[in-house]
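Input: one structure, supplied below.
Note that the chains are named A, B, C and D in the order they appear, and that numbering of residues resets to 1 at the start of each chain.
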Amino acid sequence: MPLTPDQLAEIETARANPQPTLRAVSPGMEAHLFRAHPVLDHGFVRVIDYMGDDAAIVQAARVSYGAGTKHVSNDEGLIRYLMRHWHSTPFEMCEVKFHVKLPVFVARQWIRHRTANVNEYSARYSILDREFYIPEASALAAQSTVNNQGRGEVLEGAEAARVLAWLKSDAAQAYDHYEAMLSQDGQQGLARELARMNLPMNIYTQWYWKCDLHNLFHFLRLRADAHAQYEIRVYAELMAQITAEWVPLAFRAFEDYRMGGVTLSSKAIDALKRMLRGEAVTQESSGMSKGEWREFQEVWG
Amino acid sequence: MPLTPDQLAEIETARANPQPTLRAVSPGMEAHLFRAHPVLDHGFVRVIDYMGDDAAIVQAARVSYGAGTKHVSNDEGLIRYLMRHWHSTPFEMCEVKFHVKLPVFVARQWIRHRTANVNEYSARYSILDREFYIPEASALAAQSTVNNQGRGEVLEGAEAARVLAWLKSDAAQAYDHYEAMLSQDGQQGLARELARMNLPMNIYTQWYWKCDLHNLFHFLRLRADAHAQYEIRVYAELMAQITAEWVPLAFRAFEDYRMGGVTLSSKAIDALKRMLRGEAVTQESSGMSKGEWREFQEVWG
Amino acid sequence: MPLTPDQLAEIETARANPQPTLRAVSPGMEAHLFRAHPVLDHGFVRVIDYMGDDAAIVQAARVSYGAGTKHVSNDEGLIRYLMRHWHSTPFEMCEVKFHVKLPVFVARQWIRHRTANVNEYSARYSILDREFYIPEASALAAQSTVNNQGRGEVLEGAEAARVLAWLKSDAAQAYDHYEAMLSQDGQQGLARELARMNLPMNIYTQWYWKCDLHNLFHFLRLRADAHAQYEIRVYAELMAQITAEWVPLAFRAFEDYRMGGVTLSSKAIDALKRMLRGEAVTQESSGMSKGEWREFQEVWG
Amino acid sequence: MPLTPDQLAEIETARANPQPTLRAVSPGMEAHLFRAHPVLDHGFVRVIDYMGDDAAIVQAARVSYGAGTKHVSNDEGLIRYLMRHWHSTPFEMCEVKFHVKLPVFVARQWIRHRTANVNEYSARYSILDREFYIPEASALAAQSTVNNQGRGEVLEGAEAARVLAWLKSDAAQAYDHYEAMLSQDGQQGLARELARMNLPMNIYTQWYWKCDLHNLFHFLRLRADAHAQYEIRVYAELMAQITAEWVPLAFRAFEDYRMGGVTLSSKAIDALKRMLRGEAVTQESSGMSKGEWREFQEVWG
């Protein structure tokens, strides 16, 4: 369980004291505030704060485009128009702050999204907890045989058992030594900033992560995608659900144009146009490489 | 007057409807929300939204530094420590969104601060209003004789009158022609995106401008500084006052360490150490250039 | 003509002195270095420096993906793979620096691309030249009747003549007064930072603009697009040609996947799949709005 | 030794083939190009490419400030003026690309500098090498007793030996299991993206890291500072030396104003002014906190 009774009590206290504000309020986000949504075996995602809602996007767009937006009849139409034409700045007018607990190897992928504000727990200052990500049996997958960065079948029997045993025992031993090195009981005690280097990358860390909606959508498109690693995808999928309750109109447009959309190259456009005219198109006649053609066929059959 | 009666009524309506929220609320900012603070002759600054308060900075720092922050006895001490040691990420956890109306030549300086989100009124889509910045007599200054980018004495008499007359008549004529070129009355009417090029840079534009507190402080340090051009400084000074009411502890630390602070070079440190020992230091013996020495003496006499 | 004989001589001097380097050299860019390519009536684009070439993209990708890149048989295949799958960081490994002279109203659009480094000529420090953009007859277009931000037919006859006359005379008069206000002949002389506000937005400014290849592609996609304003598009088109000679493989992938590509929403995918099966699809049965349907038909007929 | 004979031969081949260029060439950097400078036990820093030199900074500043820069008599004076007045954009006109091999826990600190371009070796695609950072005896320090994030005395005797033994044996065992889990010999073989989580954070990774000079200076100021962790500081110190040979004038200004400079708060200015007048100032009468006063005394005695 990711939270202690004390932490749960703290959250309930924080939620017990609504105050009046004149700012835009999103009922969907108010229901989430501070609550911890479990992810993986020890992780969580909590919404700590947010700014703006669907109306804030529309309001910013109407400042930009003035009378030019009047021909769009309603807010949803305008939001869809902005998304379709890559007008990203109105979506930047919304902001959200999450508290996330996550394994270090996931944090290393996540931090590559540079357009966010981050405060991570520092293992130079403080001591990390004894919490490691150990995959469930269903997530213990073999290397893909077709994709250099993907997963294949789930491991079975003795092999799965062996992997789990190693992950657990190596983590336990590394943490035992971490504690023993830090100890000041009868010895000097190694500096925290050094002792941490003995810990494996499935140990949990945590951070505050703040991002605007445009860049959050970019993160979700890459990380809630089927090609993302499972262990970051579960975070992104949960954050996508939360976002859908925060800005429902913007999220629907995002789903339609980004998550559910595809980008066609000029070669793919040509191929489709020929197919619409009834021509048979092959990889050779399409001008696409084998990889492109395979991906083309996954969508168009 | 920057706002019409309709706009004022709209603001009062927006302010008439407080709603409960579980988020951090800053009473100082609630009092400002939506209200237009006049700047220059037709400009204004309005707070449209904000996220976080002094406590949010402390909360983020305690996530980062964990038990390491316990030796700082209170929130103000911790905020001052963060500011003193350039720990900028906790300040990035607060965010603010302004609606600003400002002359184009001011907007051109302002936009150079890249770490903000901006939605500007588009003169490709829409028609600009007939509003131009005409300086007050007290702001109508001569070129500085000592500083290539500064102002000197206020212009006087006939010269001042001549300047004001030209600024007004050129703006009026340019706008008359702008309207005449746009007109579709008996003619095709020039495209808005072309007609705008005839307008002078003292015409007013407006934008939504959203920024985190760390980058807002950076903006204020440069633009509320005595060396900034008067016409952007009055915006920055007003925003500084608003920020002081939003995050009073952080603002006091900012004033002490940034606005009121100075940076000393290693040469300046040496000179001061010698002066503390009772030595007389001259420009020559300091190793500083004439410019550095002049700036050194402005502070240390 | 944008350059004086002195400036041309300076460019030839700079080009007369090749030096040995161990860095990657792009022959296409060496041919461009320092030379001014004219744009509009007084503008230009010059390449001042560059870093990297197609091989630098491949090299960076092979660091990232290690043995994982070996299944891609050659450099072009790898570059196309990276572009297709939005792996943007290898393209960030190339950098280019341009010197651009451009009208202020174009500079105001351009500067919205925040991920670049910019040094603009400062009219606080220095005096602007008497150079204004006056459109050619073929660029003098009416407001579009179907698109709030577009252009329609070219203006004709008396209307075109009137517009040109105003653009010229207003610019001339504004500049005359600018000079007269600055003059220190028998008067104090207005500060430069104030006098500039009288100038119209078709006056020329100049800057150094430095950008990585990934962000340059993003700029080109938006600004070399048919929907971009003509006056910025001509800059982007020229820069696209230069880029094609700098990194020919990357540019071809960019053309195929970005410039020549389209993004389909999930609704558009459904519609196309139905059309491929021989169904007739209408706007109503597609679930698209009128605007989306019109854009869909522009591509798919 | 960080490089294999094959890699060394590759470097010498790359260095054997100078080509003519018209770009700015920095002799100091040409001598470094591609060569690996060892850092820690298995790490290195290599310069892969660079753009610009001291003259490029001056050139960009003269575009910005035009005639306004003529009162500064020479390049060094102008560069010092720019550094002193925080004119950062001319320094952004230079760019450098490094190839760095470094332990993961160092990479995790380093990546927090967001204004750089990074391509890191991916352990999703590829298999990491068996190389771990094991500190030298002189770097094996105890936790500081006065500073939550610092180091104290060097560990001695049995304690030091125990720490080293654990670091080595835990790393070796984790890597043995990593290999065993990946193996496809008689079993399916765990996916690389999962197996990597068993590795400790002293394993080495590598990346291409590209940054402009302004942001490199910011990195160096924080990471070549005495308060930075030793294991990142050695990288920063080496990069500082390289930078000094690349842009000697800019680096000297950086050393004088940033590395060797201090920032004084308004309270510290007051205290120093009183001391210059011969007054005795105590912590109490200074208005500073204990921490501020201690830091003040470290400089001013």
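Going forward, a residue touches a chain if its C-beta (ideal position, glycine included) is under 8 Å from a C-beta of that chain, and two chains touch if they have at least 3 such contacts.
Since the structure is predicted, the reported quantities are computational estimates derived from the model, not experimental observations.
When the partners of subunit A are compared with those of subunit B, the chains appearing in both lists are C, D. Interface comparison, B-C versus A-C: the higher number of contacting C-beta pairs is recorded for B-C.
Rounded to whole angstrom, the centroid-to-centroid distance between subunit A and subunit C, based on C-alpha atoms, equals 33 Å. Subunit B and subunit C have Cα centroids lying 29 Å from one another.
The multi-chain contact residues of subunit D, meaning those touching 2 or more other chains, are 65, 67-68, 118, 122, 125, 148-149. Residues of subunit C touching subunit B in their complex: 103-105, 108, 111-112, 114-115, 118, 122, 124-125, 133, 135, 139-144, 148-153, 155-156, 159, 162-163, 166-167, 170-171, 173-174, 177, 180-182, 184, 187-194, 196-202, 229.
On the side of subunit C, the complex with subunit A involves touching residues 65, 67-68, 71, 77, 80-81, 84, 86, 148-149, 222, 255-257, 260-269, 272-273, 275-276, 289, 291-292, 295, 299-300.
Subunit A meets subunit B in the complex at residues 14-15, 17-25, 30, 33-34, 48-52, 56, 59-61, 63-69, 89-90, 92-93, 95, 97, 99, 117-122, 125-127, 206-208, 210, 212.
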